[in-house]
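To keep things simple, chains are lettered A, B, C and D as they appear, and every chain counts its residues starting from 1.
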Amino acid sequence: MLAKVLPVILLFFIPPFLGNYVLFLSLIAINLGILTLSWQLMEKDSGWISFGQSIPFGISAYILAINPYLTFLAPVNFLIFLFLSVFGKSLFPFATFITSIATWQASNYLTINGKGGEEGFSVALQLPSEKIYLASATIFIVFLILLEVLSKSKIGLKIKAVRDNEIAAKSIGLDPIKYRMFAFFISSVIASISGILHAITFSHVSPSVFSPFYALFPFVASTISYGKYYTCIFGSFLVVFLTHALTAIFPEAHYILYSVVLMFFAVMKYAKDS
Amino acid sequence: MLKIVNLSKFYGKLLVLRNINLELDDGIYCFFGPNGSGKTTLLKIISGFEKPSSGRIFFNGKDITKMKPEKIVKIGISIAFQLPRVFWNLSVEQNIFLACMDKEKVYSIAELFKLKKELQNIPRKLSQGKLKLLQVSMAYARNPRLLLLDEPFAGLDVESVEQLLDILRNLKQHKSMIITSHRPKLLRGIAKKFFELKGGVIAGSKENPP
Amino acid sequence: MISEFLAASFFSVFAISVLLCYRAGKILNLSLSSISTLGAYLHFNPFLATLLGIFAGFLLHESTKKLEIARATIFSLGLAIAIEEILRIIFKKEYIITHVQILELFGENVIWNHFIAGIISISFLFLFFSFLFSKKSKTLKIVEEDYELAEIYGIKTERARKIILSFTGGLIALISSFYNQGIIYPTIGWQNLIFATVIATVANVFKEKSYLFAIIFAVVIICLQKFFL
Amino acid sequence: MRWFLLFLTILAVILFLGCTAEEKKEVKIGVLIPKTGEFSSAGVVMENAAKLAEKHAKEIFGINVKIIIADCGDKPETTKAAFMSLSQQGVVAVVGAYSSPQSLIAADTAKELKLVYIASVASADLEGKVKEGNRYVFRNAYNTTYWGVLATEFLEISNASSYYLIGFDPLRTFNAALFNYVKNNTKAEFKGEAWYKSPSIAPEDYKKAVASAIASGAEVVILGDPGPTSVSVVREFAMRSGKATIYSVGGTLALPYVLKNLSVNNVAFQAAAMEGQEKTNLTKRYFEDYRSIFKEDANNYAGILTYDAIMIVAQAASKGDPVEQLEKGSFIGAAGIYSFDENHQAKWGSEKLKGSLGIFRDGKIEILR
């Protein structure tokens, strides 16, 4: 366990020494790292590949912007996933992707007395980057440990069992729906929290939080980083720095660089492939 | 213990079981008959994985006709399918553990089913015979009143069959079972009654296999 | 009504390509977006567009044939971005306006290019379905089922995948080089893909009938837009 | 753990590049340009205009300006990141960004970093930010009201008796505000309005809007979509042989080469300035040099305003503290002489700073005002 958490903690110690800008980017990376964690709980342990993680992410961000007191309601959106899981595992990625596109479009219509719409809302709660960074880093580590413990625990084992074979699970007395619900709920909670942190970081929420970039982000980050809970943060850092950091150094080529890295990591053979 | 009252099952127009009436007390029973005679369907219905078109099933006087499979397991009926249904990406140990939820028992069960060496492997690595043993062991690990074995000998080599028979002999004293097979002779001296299923009806029952 | 019909045929071909890549090619082919953009930018030379499209598809197959679906999809995303950015750097222009000729069909004005795109799409659909309803379609079904099974049946799945990816690539590039609104910019491909994916997803629910339903949905959705939406 | 080492090396390189910032004696101005994503088309002209501004600032005002371009992508998140990287490279001010959310977040970032930001394209509610006490954000582009003003003025100039409104859904807030202004301020008769969705979810949707616009028989159709779909709208309009004059809010349909290639009649549009006008001594040079350098007609909204924004900053920064200078001074740009009101909004509609109206007829552009 320590061997898994330590590199992450070390990574989190570097950015504060590299100035505001790097700190800010790292902050984004950590927030999206938390989103990736939530995605991996669904993909790795429960076997549901979701392209709609931007839904709980964005919804919670919006709720925070519109009325901070209702933020506790955010995790309820796990019901969306539960409903979509009716289509079965093979269709789930598609179903979630479409739903995320739909929410993306729909969010353009959300106006409250003339404000909002495509311009989005600004968040009342504003904090200095350092504070948010500290919070995000801590939250990430907490969730990391929590998920590692969970996947080793009895209930984690049961979730994996349901993932492997639902009929076998029933035949030994496990109710698949129950464990699916549990996994989805935890995942939604984590995604919501990452959305909230994201909203606070930018102190502004606009429809782009539902955009395919965030829908695909966890999938990309986790795939290029070996798909383990404790490694996904590195993938997250890589993607964020490639997409955000080089904008001013080579504005022309930074996206191509990103694409090259994507392709490279996709075809790269890992030590032991999970 | 198990009471089945004029149970019928149709798939659309196709009739699979017709007016099955049975009353079984403790002990081992064998259902034999050609393929498609409804053996498997009967077990699936008892274990709740399929719902009957009509009729009722009582287990220790409790009506289980409409119960979900995961509930039926909890009240003491567990099934080992013909085609192995196990958790492919978890180790044998975890598979058995999931069934019994008790670290100590895992080893005794592994002992009993001759799986001690394979505990750390994943099911994909097991031989057909071992896989079947794992399947049965998981059903057994639930410690049910009634154990349903669907074609336990199908696709096994001679020695695995022997192994499985040994185990069944050991269990004979303290477990009730319903075993379906198209090779009833194997169960001579194990099962106390043999029912013949033909075209979805019970064609007859004998003390000894034909 | 004709122009809607042409649009529907274009998008149903696009959706079917997405489905083919997903069901038989075992990849969610995001690079179709940029291949479509590529086609649009090379509108002056559809032949070249088709060749490059085929090449892109082939490249995709060669580099992802050993990968499982998630990684393959990531690769296609990378490829998509790469193509798009390269186009952006080569054609350094705000918009490219293509000259369109208007064609009068049964008293309705139709854009000539759309008409050609429609003809190509429809003829493809015709061939594809005559294939689907022939005996040969069994091979496709088996490949969709799973690769190991197909290998047992003696089908060269890798070859099949190569053909499917290259062919869809070429086809999309070709029809996109004709089907554009007369103004070209780097994100049109994504717009096409997103819409096509929506159709493909809904259609995919219907398993092996999905191809047929792709067309139905394309027609229905686009006509709905005309009348109700 | 090969992938891990690889990750570290890549990250190290990025960080190294990210931290290098060279030091020279010059006015560094950061320019946020959408080089990737949805708005990258507009990015091309903004970049050209920015480069031209750098050149002209030296030649005309003798100010040694160095522009640093950053890609703000199509999301506010990327915009903020780009903004911060610019500030890290020691710019005196930042201009540009495209969409409304981008400009809003740039405004917040400007306050956070105490660095001047001039919004040169978006018309989001930045005045609100100033009222809330953000002194660092300015805008030399129109605000929503002025979009309405221009549309209304066009209705008067063309003395149209009736008008119809076609809105672009993804820009609902902007369009709605524009439409409301028109409805409340024109004498012409309102014949109805229609909206069409983004082509990525409904590719054929605009056709319906066009049909109903033609059916309404209005004399002028006001089109709220500055993006490329507007071209399809105009063409559809021509194909259904609609008679009305289309007034576009500009953007794609204000580009001379687009209109020429489109070969349709009676398309009116607004522009910050148009070729052939002599608003200031910069106007002519902007259009001429742009053509001679980039071999195409100059963009007359996003482009020219980005150009002006850079010119404004250059003039202000050479005098002293940018914020004070911008608040009290007045500055020459290609579109007119800029000065900012108490909400830091350029005084569009004043004597020295007026938007232009043009119409495309018989293959050439006529300047209406």
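Heads up, the rule we're going with is that a residue touches a chain if its C-beta (ideal position, glycine included) is under 8 Å from a C-beta of that chain, and two chains touch if they have at least 3 such contacts.
All figures in this text were calculated on a predicted structure; none of them were measured in a lab.
In the absence of subunit A, the touching network of the other chains comes apart as B | C, D.
When chain centres are taken as C-alpha averages, the shortest distance to the whole-protein C-alpha average belongs to A.
Set against the C-alpha centre of subunit C, every other chain centre is closer than that of B. Averaged C-alpha coordinates give centres for subunit C and subunit D that are 35 Å from one another. Between subunit A and subunit C the centroid-to-centroid distance comes to 30 Å (mean Cα coordinates, whole Å). Centroid to centroid, with C-alpha atoms defining each point, subunit B and subunit C lie 50 Å apart. Residue positions 85, 194, 198 of subunit C each touch two or more of the other chains. Multi-chain contact residues of subunit D (touching two or more other chains): 35-36, 197-198, 201.
Each of residues 101, 224, 252, 255, 261, 265 in subunit A touches at least two other chains.
Chains touching one another form the pairs A-B, A-C, A-D, C-D.
Subunit A meets subunit D in the complex at residues 18-22, 24-25, 28, 101, 105, 108-109, 111, 114, 116-120, 122, 202-204, 206-208, 211, 213, 224-226, 231, 234-235, 237-238, 241-249, 251-252, 254-255, 261, 265, 268, 270-271. The touching residues of subunit C, counted against subunit A in their complex, run 28, 63-64, 67, 70-75, 77-82, 85-86, 89, 194, 197-198, 200-202, 204-205. If you check the complex, the residues on subunit B that touch subunit A are 47, 49, 68-71, 73-74, 78-79, 81, 85-90, 94, 97-99, 101, 138-139, 141-142. Against subunit D, in their complex, subunit C makes its touches with residues 3-4, 7, 11, 85, 88, 92-95, 97-100, 102, 109, 111, 181-183, 185-187, 190-192, 194-195, 198, 222, 225-226, 229. Residues 35-38, 40-42, 44-45, 197-205, 207-208, 228-229, 231-232, 235, 239-240, 252, 255, 257-258, 261-263, 296, 299 of subunit D touch subunit C in their complex.
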